[in-house]
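Next come two complexes built around chain A: one with chain B, the other with chain C.
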Partner chain A sequence: MFRYVSKRVIQLVIVFFIVSILIFAVVRMTPLDPIASISKGKAMSEETRLALMREYDLDKSWAGQYFSWIGGLFRGDLGKSFQYREAVSDLLSVRYKTSVQLVAMSTVMIVFLAIPLGVISAAHKNSLLDQTLTVTSLVFVSSPPFFTGILLMLLFTMVWPIFPTFGTGSDFWSNMKYLFLPSVSLAAVRIALSMRITRSNMVEQLQAPYIQTATAKGLSRRTIVYKHALKNAAIPIMTVTALDISGMLGGSVLVEKVFSLNGVGSLLADSITKSDYPVTQSITLIMVLVFMLCNLFVDIMYGIIDPRVRLD
Partner chain B sequence: MKKILCVCLIIAMLASFAACSSTDNGKASDEKVVLNVHMNGDPVAIDPAFAYDNASSLVVNQITESLLTHNPDNTLKPNLCKSFEATDPCTYVYQIRDDVTFSDGTPMTMDDVIYSIQRHLDADLGSYMNWFFANVTSVEATGEWEMTIKLAEPQATWQYVLATSAGMIVQKKFCEEHAGDVGTASVGIIGTGPFVFEKWENGSKVILKKNENYWDKTAKTNVDEIIFSIISDDTTIATALKSGQVDFSWDFSSKLVETIQGFENVELKSWSGMGIEYLAFNNMRKPFDEVNVRKAIAYAIDLDSIFDNVIKDSGIKGDLLPMTDSLFTIEADRWKQYVAEHGGHVYDLDKAKEYLAASSVPNGFDFTMYVSQARSQAYDVALVIQQNLKALNINAEIVTLTQDEVYAYQFGNILDADGIRDYDCLVTTWGADYPDPSANLDPLFNIANIGAGGYNCAAYSNDEVDSLLNKAVTTTDESERMDLLFRACDIIVADEPYYVYNYTKGFAAFNKNWTLGDMNITCAWDWNFKDVVYNG
Partner chain C sequence: MEKKKAFSAKRNTGTLFTIPVVISLVILCIIIFCAVFAPLIAPYDPVYQDISAAHSGSTEAHILGTDSVGRDLLSRLFYGGRTTIVGGLAIISLSILLGLPIGLFCGYYGGIIDSIFMRICDILLSFPSMLLAFVLVAGFGRGSMNNAIIALGVIYVPGLARLVRSLTLVEKNKIYVEALRSMCYSDLRIMFVHIIPNCISSVIIQLTLDMGYAVLDLAGMSFLGFGVQAPTADWGNMLNEGRGYLMQQPMLAILPGLCIIALVVSLNIFSDGLYRYLEPQQRKLPTFKKYDRMREKALRKAGVKNDE
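On to the complex of A and B.
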C-alpha cells in the first residue's frame, strides 16, 4: 500500500510542475503590457515605470519570474495582483471562505438529497414516484447552474422575497442565508446526476443474487435496501461525490458571478477578463492542485477498498 | 410524526431566513439610514492616487475631497480652497481653507495639502495621476494658507487638474504611519469627506460610516452608512434595483436602460457624458493612411441602423467633431454653432464607392477590428459595421480581446516590426478627464501622444494640427485658445482619422425614496453623497 501511495504522490508532483509551467506560459501568450495593465494605461514617468517593474518582479526574465512565483508558492507568497495592487495570498485569504462554504453547502445537499432520492427511486422502480424523480432529474441535468441561479433569483426576489439577491453575510451563519440559493444552483445538476447514479447502482444491487438470498431468509425490505444493497452501491457513489467537490470549484465561477459572491471563482473570472496574471496563474494552479488531491484521495480509497487496484 | 417534525423544521428555517432578510437590507434598520449603492467591481484602492475609474472614484469621493470641484454646468469652483488664480501663465496660487478638519477631528494643515499634491510625483507610489504633473516644477506653501504651483511652461488645462482625484487631500500623518498599506482593505485612508472608511470585503462590498466631524455644516445628508455592493451581472443589478436591495447605480450596461425604465420604484436620470466611442483607424498602416479609404468607410456605415438596432436611447449619434457638448464649457455657443454647420455622418453608398475607387484599393481589402469582450454593445456595433462594409468588398474580421489587451493596443504599448502601432482598427472609447475640448483634441490627435502611454490611437500625424494644439496648450487667453482649437478641428474633420459613432450618455438609476441634492452627476470626479437624503 505504501508503494502504491508513493507512486501516486510522485506522479502528482511531476504533473503539478508540468502544469505550473504550462499555466505560467499560457497566461503570458496574450498580447499585453503588464505595466499598462497595472497603471490602467495611464502615462507615467520612466522612473515610475521602472519602480513598478521592480515591485512586480517584471524586471526579471520569464524564467526568473517563474522561479520567483513557484518558489513563493511554497512560502505562501503568490505575488501581487495587477488589478488590486495587493498580495494574491491576501486576496485569497478573504475569498476562499465563501467558496469553501458554497461548495460545502452544495456537497451537503448532494449527499442528503441525491442519495436518499436515488435509493427511493430504485426501491420503487417504475412507479409513478420513480418516473417523476427521473423526469425532474432530467430537467435539472439539462439546466446549467447559472441559468438555474437566475431562475431561482427571480423567483425568490420578485415572487417570494425571502432570500437576498446578491452578496454575502458578515459571518458563517448569516452566510447560510446568502449562500442558500447559490448552493442550490450549484448542486442542482450534481444532485440530479448523483441521484441517477445512485438509482442505477441500487437497481443493479437489488437484482444481485445476494439480495434474493436475503429476501429468502425473510429479511425486511427496509433492511435489504438500506443495510445490504446501499452499502454495496455506496462505493461508486462516494467516488462521484468526491470528484463532484473538485468539479464544483470550477463550476462555482459562473454561480459566484450571478449571485455576486466574493469567492475564488469570481476572483478568477475577473482576473481573466482583466489580464491579472498573478491572480489567474495562482488560482488556476491551486484549483489544479485541489483537483489532483481529490483524485489522489479517490485513488487511495480505491486501493483500500479494492486491493486489486494496487496490483495495477 | 417524523414527517410532521421535518415539515415544521423546514418551515422554521424558511421563516428565519425571511426574518433575517427583512432586517439586513432595510433602509432604516435600528433607525440607521443605510444607502445601498451598486458598483460594477472593486475599487483599485481606497486612495485618490488610484481613483481613476468609476468604482474607485465613487468610494474615494466620499472619504476625501479635492481643492476644486465643478458647478452643475461643469465650470470650476473652489472646494477645499477659498479661491485660486493664475498670477502668470506658469504660476497658479491657491488660497486654502483654514476651517477644514479630517474625519478623526484633527485640522487639515498646509503640510497635509502640500504632501497630498506632492505624493503623486513619488515614483514608488505609482500614482495614476502622475501624468497630470509632468509640467510641474514646484509645489510650495507660500503663505500661512497659500499654496503655489509653478509650471515649466504655460499650460491652459492645468486649471482643471486639482478638480480631479489629483487635487484630493489626505492626512499626511496617517499616510506616513501606514506607508505601504495606505488604501488597502486593512487601513483605508483618512480624508476630509462626509464619510469614513469602515470596511472593504474584496469582491463583495465596501462600507463607509458617517463622518461625525464633517467640517461642511451645510451638508444635507441623513445617511448613516453607505454600503457599496459589487454586482457585475446585469440580471442581478436589475433584480436588486427592482426589489429595492440597491438604491443607486451609476455603472450598469447600456443594455439595461430599457429594462430599468420600466421599473416604477426607480428613477432613471440621463445626461450627455464626457466620453466618445469610435473606430480608430491606424493612420500609419496601409490602406488607412489614405483619407479616401477612411472617408469611403465613413460613408458606408449606416449609423441610423446602428442606433435603431443596437445603441437605441443609450447614446447620442456621433458626428464629425470628436467630442460631446459636455466639453463645451468655454464659448459653448460658438462650439454648438460649429457642430451645426458641419453636420453629422452621412450614409451614402455611392459616395463611399467613389472614395474607394479613388484610393489604392478600389476593389476592397481585408482588415481586422479589435474590440473588448467587456463591451458587448461595441461588439454588436462592430457586427453591423462588418455587414455594412461588405457592400464595398471590404472584409472586416472582428477579434475580441480583454479590456486590458485593448488598453495595451490603445495606449501604444504594442508595436509591430516597423515600430508602429500593431493593429488595423480599434473599436474603443475615450473619456475626457476634464470638461474642455482640449481634453479630447490633444490626447487623441497630437503626435506627441502616439508612443507608449499615449492616447493617439489612430496614430494620426499632421504637422499643422500638432502646431495648433501645442500652441493652444500654452495659450492662456481662452478666446485665442479656442480659435486655435477651431482651426485644428477644421483639419481633423476633413481628415477623419477616427469614426466617432457614439457620444456616450451617462445614466444614474436611483430609488424614488431618495433625492440626490445638488450633486453634479455628469462628472465622475464630483460624485459626492453629502447632499443625498432618504425621504422614505
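On to the complex of A and C.
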C-alpha cells in the first residue's frame, strides 16, 4: 500500500510541474502587450515603461519569470495582478471562500442526491420512477449550467422569492442561503450525469452471478442492493465523482458569472478578458492542483476498497 | 455490397429506429433545416437593428419579438443555430483529425511514440477540460470564434485518441491483420483501409456524444464572451445578451437556452440509439415470446401457414 501511494504522489509531482510549465507557456502566447494591460492603454514615457516592467518582473527572461512564479507559489506569493495592481494572493484570499463553499455545497448535493437516486432507479429498473428519473436526467445533462442558473433565477424572483438570486452574505451561514441557487445550478448537470453512471453500474452489478448466490442464500433485497452490489459498483461511482469536481471547477466560472458572485471563477473569467496573466496562470494552476489532489484521493481510496488495484 | 448484407443481418434482432431515436432525428432535422435554410426562411437580417421596434413583444411583424436593439429574435434563432452547429462540427472535426491518426499510430506501432503521446494525453487529461480551454483561449487571444473552436477542439483530442488506441490494440492482434501482413500489405493500408472500418462504429458513437458536449462548451465560451462575438447570432451569446433583460423580456434568454437543450438532448438520444444498434453485445436478444412472434410473422409473409 505504501509503495502504491508513494508512486501516485511522485507521479502527481511530476505532472504538476509539467502542467505548470504548460500553463505558463500558453498564457504567454497571448498577442497582447502586458504593459498595455497594466496601464490600461494609456501612453507613457520610456522610463515609466521600464519601471513598470521591473515592478512586474517582465524584464527577466521567460525562465527567470517562471522560476520566480513557481518559487513564489511555495511562499504564497503569486505575483502581482496587472489590472488590480495588487498581489494575486490577496485577491484570492478574499474570494476563495465563496468558490470553495459553492463547490462544497454542490458536492454534498451530488453525493446525497445522485448516488441514492441512481441506486434506487437501478433497484427498481424499468419502473415508472426509473423512467421518470432517466428522462429528467437526460434533460439536465443537456442543459448548460448557466441556463439552469438563469431559469432558477427567473423562478425564484418572479414566482417564489424565498432565495436571494445574486450577491453573497456576510458569513458562512448566511452564505448558505445566497449560494443555494448557484450550487443547485452547478450541481444539476453533474447530479444527472452521476445518477446515470451509478444506475448503469448498479444494473450491471445486479445482473452478476454473485447476486443470484446472495438471493439464493435468502438475503434481503435491501442487503443485496446496498451491501453487495453498491460496494462493487463503488469504483466507477468514485471516479465519476472526481470528474464531477473537475467539471464543477470549470462550471463555477459560468455560474459565478450568472449570479454575479465574487468568487475565484469570476476572477478567472475577468482576468482572461483583461489578459491579466499573473492571475490567469495562478488560478488555473491552483484549480488543476485541486483536481489532481482529488484524483489522488480517489486513487488511494481505490487501493483501500479494491486490493487488486494495489498490485499494479 | 458486403456492408449492406451485414446491416440486413443485424436488422433481425434490433432496429436503429426506435421511437425515441425517431423523435430525436426529427428534432435534429428541423434544427438542421432551419440552420441551413436560414437565409431563405428568416424574416429579417439577424444583425439588422430596428431601434424603433426595440423590446417589442410578440407582434405581427416580429413573431417572437425583438431584442434590446430591435433585432428580430426568430431570425437570430435561425442564424444562431447555424453558428452553433457549424461551431460544434468544427470542434469535433478538429478533434477527429488529430485524435484518429494519433490513436491509430500509437496503438498500431506501440513503443516510444506511443508512450510519449499517451503521457501528453495524461497531462491534458489532468486539466479540468473547460479550464484547459480557458487557458488556451487566454493564450491564443480571446474574442474570436476560431480561437475558441481550436481551444475546444484540443480538449476533445486526448479522449478520442485513447479510444482509437484501445480499439486498435484489440484489432491489430486479430487474425485478419496477420493475414494482411502476410500478404505484404503496407502498414498504412492496413491501418486506414482495414482497421479503421472495424472500429469506426465506436468512434462515430463517441463523436455524436462529443458533438453535444462541444455545443454546450462553445455556448459556455460565447456566454463568457470568449467565443462568438456580439453582432453575430449564436445561442450561447444570445443567452448572455438576454440575461440583462431577464425581468422585462425573459424569452430573450429562455428561447436560445431551450434550443441548446433540444439540440443536445436529441444528439444524446441519437448517440445512445446508435450505441445500442452498432454495438452488438449491448443489444438485447429478443425474448422467446418475441422471437416466436417474429418467426410466425416471417412465415406468414412467406405464405406458409404451418411449418410443421
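Going forward, the second predicted complex is superposed on the first by the 306 of 312 C-alpha atoms of A that agree within 3 Å, B and C clash if a C-alpha of one lies under 4 Å from a C-alpha of the other, contacts with A are read in each partner's own complex, and residues count from 1 in each chain.
Here, contacts are C-beta pairs under 8 Å (C-beta built on N, C-alpha and C of every residue); 3 or more make two chains touch, one makes a residue touch a chain.
Being a predicted model, the structure only gives us computed values, none of them experimental.
Colleague: Looking at the overlay, does A:T284 come into contact with chain B only (first), chain C only (second), both, or neither?
Modeller: second
Colleague: With the two structures laid over each other on chain A, which partner does A:L151 touch: chain B (first), chain C (second), both, or neither?
Modeller: Second partner only, chain C.
Colleague: For A:M292 in the superposed arrangement: first (chain B), second (chain C), both or neither?
Modeller: Only chain C; A:M292 stays clear of chain B.
Colleague: Touch check for A:S89: first (chain B), second (chain C), both, or neither?
Modeller: In the superposition, A:S89 touches no partner, neither chain B nor chain C.
Colleague: Once the shared chain is lined up, is A:A51 touching chain B (first), chain C (second), both, or neither of them?
Modeller: Touch status of A:A51: first partner only.
Colleague: Can A:V27 be said to touch chain B (first), chain C (second), both, or neither?
Modeller: second
Colleague: A:L138 in the overlay: touching chain B, chain C, both, or neither? Say first, second, both or neither.
Modeller: Once the two structures are laid over each other on A, A:L138 reaches chain C alone.
Colleague: Have a look at where A:N232 lands relative to chain B and chain C in the superposition and call it first, second, both or neither.
Modeller: So A:N232 meets neither chain B nor chain C here.
Colleague: Classify the contacts of A:G263 with the two partner chains as first (chain B alone), second (chain C alone), both, or neither.
Modeller: First partner only.
Colleague: Determine where on chain A the residues touched by chain B overlap those touched by chain C, and list them.
Modeller: Residues 30-32, 150, 153-154, 157-158, 257-258, 272-273, 275, which sit in both footprints.
Colleague: Give the list of chain A residues in touch with chain C in this complex.
Modeller: Chain A residues touching chain C: 15, 18-19, 22-23, 26-32, 138-139, 141-147, 150-151, 153-154, 157-158, 246-247, 249-251, 253-254, 257-258, 268-269, 271-273, 275, 277, 280-281, 284, 287-288, 291-292, 295.
Colleague: Per the contact definition, I'd like the list of chain C residues that touch chain A in the complex.
Modeller: Against chain A, the touching part of chain C is residues 122-123, 126-131, 134-142, 212, 216, 219-220, 223-226, 236, 239, 243, 246-247, 250, 253-254, 257, 260-261, 264-265, 268-269.
Colleague: Could you please specify the touching residues of chain B with respect to chain A in the complex?
Modeller: Touching chain A from chain B are residues 14, 17-18, 20-21, 24-25, 41-42, 44-45, 50, 52-53, 123-124, 126-128, 130-131, 134, 183-185, 201-205, 229-233, 235-236, 239-240, 242-243, 245, 373-374, 401-405, 407-411, 413-414, 422, 452-454.
Colleague: List the residues on chain A that touch chain B in their complex, please.
Modeller: It comes out as residues 30-33, 35-45, 47-48, 50-52, 55, 83-86, 91, 94-95, 98, 150, 153-154, 157-158, 161-169, 174, 177, 180, 257-263, 266-267, 270, 272-275.
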